[in-house]
Amino acid sequence: MTTSTTPLPARIKAIRQLSGDTSLFTLQLLKQSPTQQTTPARFQPGQFLQLSVAGVGEAPISYCGLPSVNGSIELCIRKAGRVTTALHSAVVGDGVAVRGPFGHGFPLEQYTGTNLLLVAGGLGMAPLRSLLLALLQRRSCFGALTLLYGAKAPDALLFRHELADLATRKDLSIRLAVDRAGACPPGIPSCSVALLPDLLEGLEIVPQRTAVPLCGPSAAYRSLIPPLLALGIPPERIHLSLERRMQCGTGVCGHCAVGTLLCCIDGPVFAYSALQAIEGAL
Amino acid sequence: MKRPRLAIAGLSGCSGCQLALLNCEAELSLLLEQVECQFFPLAISPVELTGRYDLALVEGCCTSRHDTFLLRELRKRSSRLIALGTCAAWGGVAAMGNDRPRSRLRRQVYGNQPIPADGVPRPVSTVVTVDATVHGCPPEPAELLALLADLLHDTLPLQRSFPVCCDCRMRENLCLLQERGMLCLGLLTAGGCDARCPSLGVPCEGCRGPVPEANVTEALTIYRQKGFDAPTVLGRLRRFCPEWQYGSGA
Amino acid sequence: MAVVRNIDQIARVEGHGRLRLVQRQGRVIEARFELYESLRLFEALVVGRCFDEIPAIVCRICSICSTIHKVAALQTVEAALGVTVSPQTALLRQLAVQGGQIESHALHLFCLALPDYLDCGGLAGLARKIPHELTQGLAIKALGNQIQEQVGGRAIHPFNLLLGGMGTVPTRDRLQRLADDLRAAIAAAGASIALIAGLDGALPPLPVVPGCAVDCASSLVGTHLATTDGVRIGADDAYDWLDEQLTGTSTAKVSNFGGKGPYLVGPLARLNLNAPLEPAAKAAFRHHRSALIAASPAGSNLARTIELLQAVERAGRLIDELLQNGLHPEQPVSPQVASGSATVLCEAPRGLLLHQYRFDADGRCTAAQVVTPTAINQRALKLSLAALVDRLPAATADEFRLQAERLVRCFDPCISCAVH
Amino acid sequence: MPSLLLPHADIKAWLDRLGTDGELHAPLRGRDGAVRFDVVQQGVIPDLQALRSLLPPKKYLLPPNDTVLRYTQADGYHLPLQATTRLILLGLHPCDLAAIAYLDRQFFGDQPDPIYAARRQRLTLIGSSCRPDAYCSCHLSPSPLPAACDLFLHQTATGFLLMPETPRGSAICQATADLLRDYEPKPPPSPRDHFGVAMPPPPQTELDPRLPDWQELANHCLGCGACSLACPTCSCFELLEFGGLDGRTAERLLRWDNCLFKGHAEVAGGHSFQKDRAQRFRYRYRHKYRGYGPLQGVPSCVGCGRCRVQCPAGLDLRPLAERLEKGAP
């Protein structure tokens, strides 16, 4: 019961700046939730939690790392409004509070044995990193693994160093795109000046055996989905994470309806087939 | 924790927004402990701008050269600048006569006697960028205190967008416009005052300025049905904000 | 060679005023207090507006005096259009005005003036030096605001005071609670008289300025002006007699008093013109009589403190009277629209206030005049500053400035009002 | 079993007795002529003929401004203390009862909302029959919701027929048995009979954004929020956090929101997922006539007519609903 309403205390354990306005926050839960089964640290990639800064408010944030048993949580947060600005002026050791996990994540169980094409635009990399790490943990269960990731400029690419390391792996193919070239910070794996959909060109895809987890802004969805469909990917295997205004995260505040679905409990990850007919879903 | 530095300044106005703060008698001593109020001519001497400010609160509209100078100076020195109250946000009562030539208004008051040059009263945001706005003539004490609490939490107030009617209906008031045929501007006015006036049976005079997406066209139709012609209503609307967007809210 | 030094903005007064000191050979030879508030031109803004809009607009002339401006405008419009309000409304208006008086006087004394005598710059310093007195003072100030809130609907720019009546009559419970709190505050208000009287004024002896006030009973509204030197002017002639002119570099007009004067308006003038007093205030006045009768403007703060006590007592008595009469819901009287004009004289916290409006047959305002106490006081202040220059021949500019600011604050100037 | 009749003459005595088991709230007509649910003082007779209160009884379950969490440095976030006085709500019409049933389903869901649950538990609901007017559309509500209550009062010419529906309701009847008479003629109708008729379940097709009706509604809508605030099942809320001036405490406030407000679907940076009012009308429409989330397929309009009465522009979604919900898309 408490998980749905009372945020649990946590402490900021580490802050790592990833780009001009985005940092990776590692939180440490200070208390287990009273009902042991659910803890904000155990989740499915694609799920989110509600992060509170006392005196400022609460914001929905996607998990960006792996579930943990010791109560450690990684979140990648962009400075955007009240809560996120307050967070960006916080320092290691400061207290925050969390409740979650909420929503439906990516359907990992469906992915066994399939090829996966992960496509991230901008901050969409946050939940997809969580997914990618989970896939790599059980790498042998899945087929070919490809990550396409686009950002505005080279210095806006999140997790640059991690990506550079991952790029050396044989069992994962990574393609990066930036809207405009810029000073290239060191350690960046090769990236092309291109739009995200351009990265699809020349990819070898077996449409019937591929699932596409997608995460990015609406504009990215609108430009990516038609070419994906054209490649023959079935709409029910395109999984995208939607952003909506959220207050409660538990399906009662009435803010996040997409058609007659609620983003917070029916999503935030939806199969495209469920959204196709809905006005303004993307 | 370092105490945030605060500057509170008045341009052309009645000092009401600043007084609203001094009227928070019960909270004043706590406030004085929490923030360093370095520039506040109404209540603190000496008057001098020094260093940088975490927050500048600016009351009043920008009329004279002196107003403009002070405003620019505050903007340069402050991380955040808040337009405090309706004059700062919209021009307020002083801008009510902006539909007439300024020289004519001046002649009406001073005849042909020479007076120092002045300008046309205008909102603060036409001169400098504004980080947030607190509405009201005067602002609600609770909103002022929330703003200062936000300062202590390193953030800015949420800018909301509902009309006074929303406050009014939440208080379960009988609608003065519909049931009493009074010229209540609650439909078009930014809420947040807890419907102070209608709750006492006094129609809203629009002291908080336009609500975002105000549907003036439709409101004029409704007011006309209640017997108020457009010039009367527009005159009322201009009491606190000289320039309204008339387009339908759609 | 003369050197001019500007103190660009005097702090702890309402509005924008600067002190200009002219020095020769290190000595201050002239001091001027100039008001440079931006023009808002209320007297022109209301022209063309319907009579029922005037009070809500002009009350925005000043926040500290908004209640008395509102009431003055209401009474003027009502007088012009021949409206009489119920005795209950009349009492409630008086009560609101007393609330305004309490708030204004307490603000000045406890927030703006006291630091002058305790060698600090404002509230933070006071909180360190006299925490107990400050808390008490702020509590009295809060009471003034609560009265304005209960009766006027809001502490600043009261909206519940309407043409012809009230929006909603306050409830018995609320008024009773206020009356209890007011009664309890009498002691604290009395203690503040001792506090102010005990402070070293430090200002050198200055000339006495004759006083001028509305000849009114305790209602603060009256029909005549009276001066300590025996002039008596009816409301209809008052505007002409005050004879406002623009002079010098201030944006506020100055009164010429029909070629006489200058006169001082405000608490000291009221006490010198025998404004009726409640028992405790009367006793305090008797006790301090010698420091008040025919005193220079430097005595203003003491006079103001006695008036603070007076307002606390008076407000309590007004509530008693209201409760005794029983509270009745009432509908505002709607005026007949007709042409007309009227002038109302009343006492704002800082002194004489005049509102005058003229309406055409459609009820639209064709002319408006507002004369405010701070504007009127400019000549008295000028005279006092000149005397200060004479009395402090050896002072350095900084020493002089300190005294000059003290003197200015004795007048409790309200510059938004003065310029309007 | 014979029904129980409370004769008109004994109502006052009955009410006084009721009030001993909790605070009695019922529709009262104020001096301004408006009807509001409020506490019934001894000796005051509530207006049981009144058709609709300004605010619906949702204010007892989901107050318009409600502190839902407090924060202190020592204890972190915690639930505020809840008042536990029992409340008896009397004079709830079948539509308002159905609306409470709707809120129950929403807030009890998988995980009950603790504050709602506590508030709900302390309520005793006493319904009463009514005579719908032209604004009511309860007879058109295709709602599967029950008009459930503890006790239902059926108004007749001679008095009220008391129909207990729960043990709590029966207990009230027993405790006041001396004031009640047996009433033989025929069994009174159940509350459900007062409310709703079978209509085809709502079609789950998407709403056609090209219908001119949306733009027409949008042009006239003032965005004042009256409709949703007055609606017994509109329950959109926002959560606002206010920090204390001490910098160490905070409280989180739940405040009614409205899907027609500009900010309803706005996210950081000012982007909105419901950009224009026409689109927002479809949002409202979906919730009212088709339901969303776990309550998909459960229309939430119970036909009380408040939105139509209170809209200053006189807007009415009902004719459109009649057109769109009769099976056709």
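Just so it is clear, A, B, C and D label the chains in written order, and each chain counts residues from 1 on its own.
The rule is short, and it goes like this: a contact is a pair of C-beta atoms (placed from the backbone, for glycine too) under 8 Å apart; a residue touches a chain by one contact, two chains touch by 3 or more.
Bear in mind the structure is a predicted one, so any value in this text is a computation, not a measurement.
State which chain is most central when centres are taken as means of Cα atoms.
Closest to the centre of all protein C-alpha atoms: chain B.
CA centre of chain A versus CA centre of chain D: separation in Å?
38
Would you mind pulling out the distance in Å between where the CA atoms of chain B average out and where those of chain D do?
Taking the average C-alpha coordinate of chain B and of chain D, the gap between them is 36 Å.
Calculate how many whole Å lie between the centre of chain B and the centre of chain C, each centre taken as the average of the chain's C-alpha atoms.
25
Of all residues in chain B, which are in touch with two or more distinct other chains?
Residues 149-150, 152-153, 158 of chain B each touch two or more of the other chains.
Residues of chain D that touch two or more other chains: which are they?
240, 242-244, 247
Where do chains touch, given as pairs?
A-B, A-D, B-C, B-D
Which stretch or stretches of chain C touch chain B in the complex?
8-16, 36-45, 47, 49-50, 53, 56-57, 60-64, 66, 103, 107, 111-112, 115, 121-124, 127, 134-135, 138-139, 141-142, 145, 153-157, 159-160, 162, 167-168, 245-246, 249, 251, 253, 405, 416
So in the complex, which bits of chain A are touching chain B?
Against chain B, chain A makes touches at 53, 55-57, 82-83, 85-86, 89.
Taking the touch rule as given, give the residues of chain A at its contact with chain D in the complex, in rising order.
1-9, 52, 54-58, 80-81, 84, 95, 97, 243-245, 247-248, 250-255, 257, 259-262, 265-266, 277-280
Within their complex, state which residues of chain D touch chain A.
68-69, 71, 73, 76-79, 106-107, 109, 111-115, 204, 206-207, 209, 234-244, 247, 249-250, 252, 257, 259, 264-269, 273-274, 279, 282-283, 286-287, 290-294, 296
For chain B, which residues are in contact with chain D within the complex?
1, 27, 30-31, 34, 145-146, 148-150, 152-153, 158, 160-163, 165-166, 169-170, 172-175, 177-179, 186-188, 211-215, 218-219, 222, 248-250
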